[in-house]
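Have a look at this one before I ask anything.
A, B, C and D label the chains in the order they appear, each numbered from 1.
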Amino acid sequence: MMLAENVVELTITSQLEFIDLVTTLTDNISGMIGFDEDASYWVNMAVRESVANAVEHGNKYDPQKSVDIRYTVGPDELKVTVRDYGEGFDPSDLPDPLDPQNLLNPAGRGILYMRTFMDSVEWQRHPEGGMLVSMSKRRTPPKQNDEGERTHDAVGN
Amino acid sequence: MMLAENVVELTITSQLEFIDLVTTLTDNISGMIGFDEDASYWVNMAVRESVANAVEHGNKYDPQKSVDIRYTVGPDELKVTVRDYGEGFDPSDLPDPLDPQNLLNPAGRGILYMRTFMDSVEWQRHPEGGMLVSMSKRRTPPKQNDEGERTHDAVGN
Amino acid sequence: MQLEIRERAVGDVAILDLTGKITIGEGSVQLRDSVGSLLDAGRNRIILNLGGVTYVDSSGIGELVSRFTTTKNTGGRLKLLNLPKKIKDLLMITKLLTVFEIYEDESTALESFQ
Amino acid sequence: MQLEIRERAVGDVAILDLTGKITIGEGSVQLRDSVGSLLDAGRNRIILNLGGVTYVDSSGIGELVSRFTTTKNTGGRLKLLNLPKKIKDLLMITKLLTVFEIYEDESTALESFQ
């Protein structure tokens, strides 16, 4: 497999304006490795959420701090890691956005998005500071019956 | 100016397949900072040539060696640097592709392309090995009279 | 421009036709501002027509929720019209499908205000 | 697919209609192969219709030159048709405008082989 084990890395300064550059690159990589439209859409969104969190909560918009996105194209999956240089956080210690009393909260759904759209998401504190989010999406497409079924699978329900 | 001094970096492994990812990112950055269609087209092409050289002549397709592309958006210009990890070369010591006896050569026009399309191009050996190509394109558009004139300016003739 | 918002009025109901992306930054801010101006003008019977919306990130979903709440707090209502499949998926994932009043055609949405 | 190549024949002249990009790797290789098969079949009166070509990098220009030379070496001719503005710019920059035989309409290009 020509693309196996290949790596592409993108580094941006902490500005929301640059997120579109990241998602466009993500779309291109998804297309290159044969993700269908649905899979590309959800991967794009998970990456956006992760980068937005890195810019906003991690680096707190500090233009001196970068966000580093790394794509690793493996034979079975696309792996994406997003690293920031902030104080880090504990993802197990967050309000559940699906709890009825939180449903009307104006924020707090990004991590739910990421968990829903990717096959796996992990957070760890980087040994040299900041958070490192590692996400992966399988390359083998889920079994398809009809339009509805497929979307169902892609969002992980 | 919101985008002044901002930096985006992209790193790819040494494969021609990834060049399209680089040029798409280049197009997005060009669009973001207001380059017109012509300017975007030529910048795209100069970046492609530079990255192709880094993959082919610099890193000699070694998948362990990366090509690092850095975009710096300044108030007056877009600067793009392309770094490889090869043996380097002396750009002053190359056959002139415009010499009548070289016109039918199947190769050797990439550097001519880069010099023509950008406002400045410089080559230097990186202190830690490999070549570092630094190119820039002014953000102020050239005076426009008509379609013909504009293209004329954009290709630097 | 990420998001385009056109405003229409049918009787005392304001319809905002949205096209594009509602995302963190620009898109979310535009939505907040558009609904804000309506409320400032005392127009709190609002339909958001999402038929042309292709993408709503978590910040955009949050913005929809906020505008829903703000409108309700003035005694008005903000309803959603023409949800594309993907946007409906997103409201399902976030358990907001039953929070919003959602319509599939404009006349039914308009009648619901009577 | 970067480059699409369709083959037509008008009498003993082969016309290749190219659409897309002629760039290092895939595109250049496709062009080489297409012209190669024509020459292998003894068809060395060739028109490359570049009307649909949007982008030719330095490797692509080199490939055009190589196919021009290879065709000539078999006693044939390779001519260019319908150059888009940008591609013409590139041939000007590389001083190849006068090397190639270039035509703006197909019938004139075809007649030139008589």
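FYI, contacts are C-beta pairs under 8 Å (C-beta built on N, C-alpha and C of every residue); 3 or more make two chains touch, one makes a residue touch a chain.
Quick caveat: nothing in here was measured; it's all calculated off a predicted structure.
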| item | value |
| --- | --- |
| Required minimum of steps from chain B to chain D, each step between chains that touch | 1 |
| Most remote chain, CA-based centroid, reference being chain B | C |
| Cα-centroid distance, chain C relative to chain D, in whole angstrom | 54 |
| Inter-chain centre distance, chain B versus chain C - centres from mean C-alpha coordinates, in Å | 44 |
| Euclidean distance of C-alpha centroids - chain A vs chain C, Å | 26 |
| Residue numbers of chain C (touch at least two other chains) | none |
| Multi-chain contact sites of chain A, meaning residues that touch two or more partners | 17 |
| Contacting chain pairs - touch in the sense defined above | A-B, A-C, B-D |
| Interfacial residue positions of chain D with respect to chain B in the complex | 23-25, 55, 57-59, 61-63, 65-66, 68-69, 85-86, 89, 92-96, 99 |
| Residues of chain B touching chain D in the complex | 16-17, 19, 41, 45, 48-49, 52, 56, 97-98, 103-110, 112-113, 116, 151, 155, 157 |
| Residues on chain B engaged by chain A in the complex (per definition of touch) | 2-3, 5-13, 15, 17-18, 20-21, 24-25, 28-29, 32, 63, 66 |
